[in-house]
Amino acid sequence: MSSLKPPIIVLNFKCFLEATGDGALRLSKIAEKVSEKTGVSIIVCPQHVDLYRVASSVNIPVFSQHIDPILPGSWTGHILPEAVKATGASGTLLNHSEYRLKLSDIEFILSRAEALGLKTLVCANNVRVASAISQFNPWGIAVEPPELIGTGIAVSKVKPEVVSNAVSEVKRVSKDVLVFCGAGISTAEDVSIAFKLGVDGVLLASAYVKAKDPESFLTSLCEASLAK
Amino acid sequence: MSSLKPPIIVLNFKCFLEATGDGALRLSKIAEKVSEKTGVSIIVCPQHVDLYRVASSVNIPVFSQHIDPILPGSWTGHILPEAVKATGASGTLLNHSEYRLKLSDIEFILSRAEALGLKTLVCANNVRVASAISQFNPWGIAVEPPELIGTGIAVSKVKPEVVSNAVSEVKRVSKDVLVFCGAGISTAEDVSIAFKLGVDGVLLASAYVKAKDPESFLTSLCEASLAK
Amino acid sequence: MSSLKPPIIVLNFKCFLEATGDGALRLSKIAEKVSEKTGVSIIVCPQHVDLYRVASSVNIPVFSQHIDPILPGSWTGHILPEAVKATGASGTLLNHSEYRLKLSDIEFILSRAEALGLKTLVCANNVRVASAISQFNPWGIAVEPPELIGTGIAVSKVKPEVVSNAVSEVKRVSKDVLVFCGAGISTAEDVSIAFKLGVDGVLLASAYVKAKDPESFLTSLCEASLAK
Amino acid sequence: MSSLKPPIIVLNFKCFLEATGDGALRLSKIAEKVSEKTGVSIIVCPQHVDLYRVASSVNIPVFSQHIDPILPGSWTGHILPEAVKATGASGTLLNHSEYRLKLSDIEFILSRAEALGLKTLVCANNVRVASAISQFNPWGIAVEPPELIGTGIAVSKVKPEVVSNAVSEVKRVSKDVLVFCGAGISTAEDVSIAFKLGVDGVLLASAYVKAKDPESFLTSLCEASLAK
């Protein structure tokens, strides 16, 4: 698998129909191709039911969209960290604004993920929350003002101070934690600005999944990320 | 795929490690073999992340353990009914005592499942709840007193009136809804008693997943179900 | 306390600032005055923290906005049914679209409320859900299409079939269960239409709490309810 | 109202029947008497429905057991911070192990509580969680290993390192944040050890609520807290 180093582009497939089943496979293979072509690290985050199929078909990192705060046992319908690991996924998103978690559950999940060797990218709705999460020393933290998610109005453009403050706050606690930003990221320019503000990566969803030409769109983002 | 008619045995893999990844595949193939050998309908319910792998490898019905009350779109970490359908699964468990749902969500999920052609097996913790669920006309209702789940003390033995009352209450509302019982089912005798009480099927988990010899254990249950 | 018989007007104070603390007391006293003047049964539903203060100050029925599915014991921050009863409240709203409950919790709460002599008015988002709730034989069921709540567009005007179907479905199961409608009710005409559709009562919130002259507004609703 | 300075004893009434309604009032008046007699700061945390009655009857600080992450408006059954303030309560418990909160909700509630002048005592299940909460600069943090709650086996005795690590971690981030410990505290000795480990206060529930002689029991705790 290609190594994971900044700049990193994270693609959240959410529950979009275009990114379900065969669509998940197609969009993951495009991401793999663009990553190989540009040398930029790209992570895809398909739905749980598509994890195995995607992870066994592409040579880029595959993250789950969530894992549950559980140990193996009597749980029906839950997402067992060990089961995600067994699909070939190498990490997980956590605490997305569409799946916010209890504080004590975040702490527990992070300890489980670390024990299993799963990378964790924990979302934060603002800088204060990012700062609290940084105490847990996850692999990465993604600051995403929820009011911008899905709007096409990029956090890096309209709230640059949120991005730069998240970077400085998190890096102050631990230089090793990667900082991402997301919400509204939909053009190469948004990506370029984000990296200039100091992030290690960006997180996007609908802009990629619903792009008319995902390959050229993603290529343009990768080029912007390298031009920082 | 083998047709689905009573007697039916439903195997919930829960989040047991023995039933995760390769284990899910192994236990599903054993179930397929026993179903072919005995002619009894057997449904397996692996974890979400194992659905595709299992459904594309066996010729018996595969059910999800849960689906979320959502339409395709901006949901992170959720279980989209359309995505479950795309794995090849043909139905889903719902409202298990380990994943109880809001009443309005049950109603919505059932309407989505029906639209997508997914069968629904809705769990109820007692007869009153089974009676309320029967108003929604699901494919099946499984009555499971939560205090007996995982105990090895079978509902059919110690609470036969719960089983027979669930059967009569549900069939009174709709003859077409299948009635199952579960909780503590762990021997051929438990299964035999259950079918004598009038159920169309039984639901079990740990007794199968943790059996020393799953094939002979499951064969004995199938034989008991046919002897009713 | 005045007896409770149709027509009944239920006033949900929600968490509006105008209906908090002193405001809850003021709006409850106005409701008491209008009830005495018109002879129409009026129920007020203040916030939990205002229940005692309101119930010990007015002579009309006071309902809680919610109670939790618990027995007395180690629960922090929960709403114990026994504690609500001890304030002098005589019933509770349940399963409001702003506080939807799990099916099994509704069943348990209703059994607790009955044991304690608390009346229950259970909300339903559509007719199918109302039909399921009717299996539990609560004191009343209020059908409220959530998309109309707080809009000022009355369910009785734009979805009369939802109201009349809820009435016929619920009364078919049990003649004793009272049927209410809510969502968007904001004029005397809305109330008049609702009662002509066969309801025993109406449920409203912002239209009363935010009325410029709550007394004359409520009086006009009572007169409309009597003119059916 | 008596000033609030260490040593502080916080009494969580939970949903115990002995601490409901008249019982809440009785136990609060005893706490007031003991506080006046010993000079030790005592905070009582009655159920929501008893807040007004208690806060208007005693001259010691009254805390809520929880407040919701909401602004005034259309919320049914929720605990509005403004409404808690209006009862005369001066603060609130938050994130108790029996009412764990989402990380983003803790952040939001703390900002609302600060705006309204409500003190916040946020519970943490371990030192890592306490460390994350300290980033939000609440009034106090209470470390409570959940497995000890209600056992009568005191955290200060069997897990002294949890207590002392919580003190040093939190004080490292902010000297102004008060540190409490709880879980199993049930004797004067437990209290004495806790204060020797550096806490500013202790949190207890059943040991006080179910004491045969609450006045003498609480007096003994106060004396132990002063002897540090």
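List of remarks:
The first chain written gets the first letter, and so on, giving A, B, C and D; residue counts start at 1 in each chain.
Definition applied: a contact is a pair of C-beta atoms (placed from the backbone, for glycine too) under 8 Å apart; a residue touches a chain by one contact, two chains touch by 3 or more.
Everything numeric in this text was worked out from a predicted model, so none of it was measured.
Traced through touching neighbours, the fewest hops from chain A to chain C number 2.
The interface with the greater count of contacting C-beta pairs, when A-B is set against B-C, is A-B. Look at where the CA atoms of chain B average out and do the same for chain C: the two points lie 38 Å apart. Looking at chain B, residues 97 sit in touch with two or more other chains.
The touch graph of these protein chains is a ring, one cycle where each chain has exactly two neighbours. Under the contact rule defined at the top, the touching pairs of chains are A-B, A-D, B-C, C-D.
If you check the complex, the residues on chain A that touch chain D are 95, 97, 100-107, 124-126, 128-129, 131-133, 135-136. Note for the complex: chain D touches chain C at residues 12, 14-17, 20-22, 47-53, 64-66, 70, 72-80, 82-84, 86-87, 93, 96-99, 149-150, 205-206.
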